[in-house]
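Labels for the chains are A, B, C, D, E and F, by order of writing; each one numbers its residues from 1.
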Amino acid sequence: MNHLMIMPIVIPLLTGAFLLVMYRYNIGRQRSLSIGSTLLLVIFAVWAILQAGVTDYTLYRLGNWQPPFGIVLVLDRLSAIMLLLTALLSLFCVLYASRGSDREGSHFHALLQFQLMGINGAFLTGDLFNLFVFFEVLLIASYALLLHGGGRARSRAGLHYVVINLAGSALFLLALGILYGLTGTLNMADLARVIATAPEADLPLLKAASLLLMVVFGIKAALLPLLFWLPRAYSAASAPVAALFAIMTKVGFYSMVRVFLVVFGLDEGSPANDTVLAWLWPMALVTLSLGGIGVLGASSLRTLTAYMVIVSVGILLATMSRNDEQLLAASLFYLLHSTCMTAVFFLLADLIGRYRENGYDRFSVISPLSHRWILGTVFLVAAVSMASLPPFSGFVSKAWILQSSSRLSDYLWLWAPILMSGLLIIAALSRAGSGWFWRPEQRADEAAPALDGARTATVCVMIAISFSLAIFAQPVMDYLEAAARLIYEPSGYVEAVLGDYVGQSREVTE
Amino acid sequence: MDIGLLVFLPVLGAIASLLSRLKRPGPDHVQRHALVALIAPAICLLLLLSYLPRIQSGEALVYSLSWVPEIGLGLAFRLDGLSWLFATLITGIGCLIIVYARYYFAGKDTAGRFFILIQLFMTAMLGIVLSENLLFMLVFWELTSLVSFLLIGFTWSSRNARRGARMSLVITGGGGLALLGGILLLGQIVGSYQITDVLAATDTIVSDDRYPLTLSLILLGAFTKSAQAPFHLWLPHAMAAPTPVSAYLHSATMVKAGLFLMARLHPAMGDTELWFSLITITGMVTLMVGAFVAMFMHDIKGLLAYSTISHLGLITLLIGMGSEMAMAAALFHLTVHALFKAPLFMMAGIVDQATGSRDMRNINGLWRTMPALMLITAVPAAAMAGLPLMSGYLSKKMLFSESLLVTAPHWATTLIPVWVTVAGLFSVAYSVRIFHNVFFNGQPVDLPHWPPRRKPAGMLIPLFILASASLLVGLAPQATYDTVIHLAVMATSMTHLPLYDFSELSDAQGPAMMSMIAMLGGVVFYLARGPLFAIHRQLPDVDAKNIFEQIMQQSIRFAQSLVYRLENGSLQRYLAFILVAAIAPALWMLTGYTGWQGPSALTEVNPMVVFGAVILCLSAIGVALFHHQRLPALLLLSVTGLFVTLAFAQFSAPDLALTQLSVEVMAVVIMMLALSFLPQTSPRESGAGRIARDLVLAGLAGTGIALFAYAVLTRPAETISGYFLANSVPGGGGTNVVNVILVDFRGFDTLGEITVLGIAAVAVFAFTRDLHLKERVASAGTAKGFAEPHPVILQMVSRMALPIALLVSAFIFLRGHNMPGGGFIAGLVTAVALTLQYMAGGLVWAQERMLTHFRPLIGAGLLIATATGLGSWVVGYPFLTSAFSHMDWPLIGEFELATALLFDLGVYTTVVGATLLILANLGKLMTVAGPGQEVG
Amino acid sequence: MNGSEMPLLLQLVITFFLVAGAIVALIGSIGLARLKDFYMRLHGPTKASTLGVGCILLASLLYFSYLKGGLSVQEALVTLFLFVTAPVSAHMMAKAALHRKLKCSPRTRKGPPDH
Amino acid sequence: MELVIAITLGVLTSTGVYLILRARTFSVVLGLTLLSHGVNLFLFSMGRLTTASPAVIGLVENYTDPLPQALVLTAIVISFSMTAFVVVLALKAAVELRSDHVDGEDPNEDRQ
Amino acid sequence: MIATVIPFVIGVFCLAVLLNLYRLAIGPDIVDRILALDTLMINSIALIVLADIQMSLGILFEAALLIALMGFVGTVAMTKYLLRGDVIE
Amino acid sequence: MNRREFWLPRPLFSLFLAVLWLLMVNSFSVAHMLLGLALGVFIPFVTRAFWPEQAKVRYLLPLLRYFVVLMVDIVRSNLVVARRILWYPNQLTPGFVTFPLELDDDFAITILASTISLTPGTVTAHYDSYAGTLLIHALHVTDEDELVRQIKEQYERPLKEIFQ
């Protein structure tokens, strides 16, 4: 058994705990530890990518107990991708935060490490209850990070975010309860096996449980009508936190893929996921449309980006709900792009806001700006990528999604909002850009702080990643297609996880 | 490969320009920039010319490189007659524009930026015309929109420039998205994006169901780019750009991209009724609108812009007709238009710079001061008017003759000839006007610069070259056609065609008549312009830019109001949405479900349980009823918690009972701490409607849970837990199976769980650190009387209780693996005992006596638990693999040592640290020294 | 396993403690419910309930001591704890009542001094 | 018995839901607590309810299903953490937003 | 004998609990309610112990102990709150 | 403070804890004796800061006797109170009595206050440390001075002997 697999969870946990023990460490040491830990995560994520490329499923049996009795971690291509994305994203967030945002409150780095532990755990676990636990870890850390730095907007948004997610957690437990009550197991593979052979009379109950899970994951993923907390929460958060949150909605998406396509999708004849997918489709489309409208109506760049997150969620869930292997691969590619770019924009809003004389990132304020050339160019390039214009990853991913979906009968329902939201994004970003970089006077030089090279470089590298994702799209796509293929072979997953366990030690009590 | 080079050379040029711009601007910097910028386009032009022989042999040069084969996107280039014609126009006119701009931008800092952008733009245009792969073409298509956006907004301090730029970007960008859709559909139909394949699949395309949609989307892209009505609105506002930009982008090149696309796809998609009607009607409308508006423009550039629109409509019309001859006419006119429109724009720029105005009502009689300009301009102006011997004359006659050949559909046979004649008439009128009004028509009026500032003669060079070319084409149409245009026409029809015979054209009677009418009518129209202008002034003044801005503003307002209405900051509403979302689908799913009653027999009713259940329900309802009075509600909540505890105890879950109980008290203490800062009562602010809605939601939720519970409880249980019962002692070394699950089978969950607790505590620490509760802090102090802060009797008993409680928690801790208990409960007991010290002795008193800070305690707990897990690596087992052994020591007796105990120690430590950190920080808020001070 | 094999005397003793405890505790709660003012109500639970529960615990102590073959004194710990804490609870509640200036019943001979 | 338990769970959930829909943070906290009671008991009862059969090996003959108990224990701890957190957050919000209304004094103040 | 008497004893304690709840519900003052809750806690110790005897388990002792401890701490917290408007200061 | 007081602040109490441990675990093995002793030493050591005062217990035996008397009194007081509550709750004449303290040790006062609360019809409602008085609420009082005298006689005097 390869111990490297537990590393993405243990490393941030150890780092976070160590930072608490050494609570008097000065900020410099905290930063070095945090950056070091995140770098290690990147390395292990790369290992995970390679490992998953070689072996379809790598298992890690915690406590050396046979699944489904013990908790098992499962590494496949999908989780490897998510791990790498998280690691890279968090690295940039930590780097960006280390330029000063981390001092606005206490224990930023420790909390961020715990957050990473939760996210990575959610991506790796093969146990539904353990998923709940990791959800809670990542949520509580996200509550704390959201409030990092204080202030009224954060308090209000934080309160809403927390209460809503607590309601979501209650629903999660309910759904888990129903599933356990009917199947007597929690391991995802075992659940899949039992659900596929569930008695006819239990099926509606199981499907109802899947609908509850849709709401649970929908809250995380920001599915309409569960998303209203998001715009304010994301725009209230401090920039690196918001950027890290770009991955959070994807955790919801990931969980839906895992649970609905694998756990509820084993029975190839009439999989139990048909109901939930049927509900997901229209809801995701409306989400997508509302996201587009919100982008147009946003009053600040952070809010705009928050709605961009919603657009991306809409696209992801709509494509996922069509239950098509190729489309899933395409939407995974889009996931990479949208996570990267929404993170870029949260950072960019902060970066530019710092050099505007006033108004921070509000559109309604016309304010002199320093470093117009550099910031303007960065914004332009980022906007092109965000608007899914060529030659960035957004273009490739959107083309792939549209292409793969065109084989479906109702593809136009997807096409119309995707293309329309694209237009709205172009309109909104061109307004924002021209209002910020063209309209005001150059900021007087003596008032202007020097450009923060590290922050700018962080943003630029992230944009460069989006660009190289387009340039090297083919190998990435091959990997994603393989990942999607695995998702659509749930029987392989079940076999790999459960091995020779065929219901021994199960007892029936009347 | 070198075709690809052709496309990307200007990028290299742009980079060179960028580098040259980095150098400190000297007195000659514009010249230097221009020279640098000229290199790449010139090489391109030479390369293109060198290809001419191969093109003339009818060869289509194709070069492909794989990029993203998954989506059919490849770096593929194609050079055939059509693309050669366009590429040559783009590079040729581009070179001349650069020369022109060298003088136009003389002395301006912005020159460098212009040269960079113009070369980028050239790349984009070359990419469009030279792409073999349609998706690849789209990359450049969007790039033209983008660079055009930057160029229109070039003088960004002007509001008009910004608005014009945005407008063009939104319209052409939107068109680009439509085009993306169209091209993707086309690619799906054909199975490839290679133009070669697409052109070979005509029948497949035309017969596909998706053909109408595909065509519409593609045409939407083409029309927006080529400023076809009603998308033409952006073009006049693009005139905010510097004149070289207008001359290049908005007359000669970019706007032709849409025409190029239609011509390119004509063999594959043309020749259908739909194609004909969509394109010809659009073309006709555009032709007429452009021509009509142009006549009344006073701004030279405005007039030229609308005339451009009109000519674009004309070419579109010809493409729509679709016959080989019409296509020939279209491409011929397209070339001719590029040759006469660019110099006219250049003229406008010269006049603008010389006089400081572009208003023809003020600019008059320039022939005296600018005779050379007048002479050179005469040629393109005449060509635009379509005077005999001029290039425009021929192309117009080609149009007229084609219009007469239209036989189907019925409506078009007479309408089109009349229509084009009228439009021709207008074009004569505005051509005459621009020439006469600028160079003659009396004396200038109130010009900012008069006499005009001297302009460098160099500006006339590109003008002269273009005018000569235009003249040349007019004089030798056949040669022009034969050498370049015929190849392009063949590329658009994919067949070998006979050459167009211009002598035949000159013999035709109909076109000549129509030309005549147009010419005479135009002149008459121009002479009668005074009254016509007067009438035109009566018409409402419509500014497309304002309309566009208004539409934008309205959309934004709509978006804002919609979003604000939905996302209105009301948590209650969000929660209601979530509840509805949870209830509605399940309700929908389970309507008519009959399986609620499972097969298992019901168990008999236990009166004690019923009693407990009733009290549980009553207390919960009591909390809901009395929630306005907060402290009583809290007491009732404690009762609920107590009875939940009793339920756990009753139903064989002692561990749960212990945990629930400890947690409950801590939670109530925390809530009471908070309550001292909050109002003591909740106002009654919910209306009856809101209460009714909430009651319905609550009722549905409760009913749902009850039904689910009933359904599951009446079914036989089938579970994996037999394994736990069987392996708890042999595999986990403990008889308390729940505890063994917690620290061993599912120890990973527990690790996550204590992490949550730890994070919660650290979070509370972090965000209460700077919380200021000024008004509350003042009231703290040492009161006498009954409310003394630290009652002696309480203190005495609490102190005594502490060691005993610690002993009890040690007991619970050690017993946990085999009997109810464990690290978590032990931790809570310890924490509660220490909390008692806080309550009895006060925060400061107790804090001084703590052995350690709490945050390191949390960290240490987590480290202990994790380290225990990691310990199993040493012996080669996975994380959290437990080991235990029973040791029989002489004298002492049997001892069990289990790593699970160490893990539980981590749990214990974390729980103590976390609970106390939360409490101490809440308590801190009350003390005078509170805010800003770190506790724990 | 049940108590039927127990010596009769032990059974009787246990039963006595159970019944006595129940009655005493009930009286305490009746006092809580019936008496006129807070200060009077305080007396019932402080003594009666404590003792009542003490009796039950004693019964449990005897019962399990027999059942498990040996002295099971854990229950004594609970009793002890109750007896130590009950007066303090009462003390604190009385202080709170005084602080809140709760009215005494009209039959009270002498009210609390004002602070 | 099943019916009694089902109804109790329903009542707990209903009251919890009703309270989290109230406008004041304190009521919401009360509601969340009740809701978590309901949910925990629900999860607990999914292992079927048996009396006098704790899962302590050697103590009794029949054992109840220990797994839901372990799950509920985890859930209790987590919901305790969350409650503590949300209480303090509600306090902070009430101070900073000048009202203990869940939306603060003016829900749209940070909107422009 | 014990088995016969236990349900009766449990019933008596349930009655006591009801009386406590009655006081808890009617108050009138908050201190009355706290007193009622305190008594309720103490009575529930008895209930727990009785259930333990009835089921012959002997494992609910910690629960009884904890109720005693937690009930005390809870009462102290509430009265301190009434006295000082705060629990810890 | 000498070494013994630092490491073993309360030897008697340590022993008490060790015994308590054995009672709790219900096992009298050597292992548990050692463990109990270890805890008995360890716990007072880590909590010594919370309990700074040295208890001045002079005589252990009188203390034990005091507790036995107390137990009897508790049972008796319960019967008395039960009778009052059940038979004539409406004829009770409650009242507050101020009890002047002679004790000055906080620990002793605490024991006295608790004793008063546990015995017939009296509850200690307040301890005024400035005035040195206990405020007692009596469920049924006919003669305040008699009550004070009785308490002094029965409880305060023995306590004074024990603690001073």
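The working rule: a contact is a pair of C-beta atoms (placed from the backbone, for glycine too) under 8 Å apart; a residue touches a chain by one contact, two chains touch by 3 or more.
In UniProt terms, the chains line up like this: E = K+/H+ antiporter subunit F.
This one's a predicted model, so the numbers in the text were calculated from it and none came from an experiment.
Annotation of chain C and chain F: jointly contacted by B, touch as defined at the top. In terms of C-beta pairs in contact, B-D outnumbers the other of B-D and B-F.
Among the other chains, the CA centroid farthest from that of chain A is the one of F. Across the assembly, the mean Cα position most removed from that of chain B is the one of F. Remark: chain B and chain E have CA centroids separated by 61 Å (rounded to whole angstrom). Put simply, the C-alpha centre of chain A and that of chain D have 27 angstrom between them.
Averaging Cα coordinates per chain places chain A and chain C 57 Å apart. Measuring from the averaged C-alpha position of chain B to that of chain C gives a distance of 71 Å. Residue positions of chain C touching 2 or more other chains, listed in rising order: 30, 42, 44, 50, 68, 72, 74, 77, 81, 84-86, 88, 91-92, 95-99. Of all residues in chain D, those that touch two or more other chains are 16, 20, 25, 28, 40, 42, 45-48, 51-52, 54, 56, 59, 67, 71, 74, 78, 81-82, 85, 89-90, 92, 96, 102-103, 107, 111. Residues of chain F in contact with two or more other chains: 20, 24, 113-114, 124, 126-127.
Touching chain pairs in this entry, ordered by label, are A-B, A-D, B-C, B-D, B-E, B-F, C-E, C-F, D-E. Listed in rising order, the residues of chain C touching chain F in the complex are 24, 27, 30-31, 34-37, 39-40, 42-44, 46-48, 50-51, 68, 70-74, 76-77, 83-84, 86-88, 90-91, 94-95, 97-98, 104-105, 107-113. Contact residues of chain B toward chain C in the complex are 784-787, 791, 793-794, 797, 800-801, 804, 808. Across the interface of their complex, chain F is touched by residues 784, 786, 791-793, 795-797, 799-800, 802-804, 806-808, 810-811, 815, 837, 841, 846, 848-849, 851, 889, 891-895 of chain B.
Within the complex, the chain B residues that touch chain A are 66-73, 135, 138-139, 142-143, 146, 149-150, 153, 156-157, 161-162, 165-166, 169-170, 173-174, 176-178, 180-181, 184-185, 187-188, 213, 552, 555-564, 566-567, 569, 571, 573-575, 577-582, 585-586, 589-590, 593, 595, 598, 600-601, 705, 708, 711-713, 715-724, 726-727, 731, 744-749, 751-753, 755-756, 758-760, 762-763, 765-767, 769-770, 853, 855-856, 858-863, 866, 869-870, 872-873, 877-882. Looking at the complex, you find that chain C touches chain B at residues 77, 81, 84-85, 88, 91-92, 95-96, 98-99, 115.
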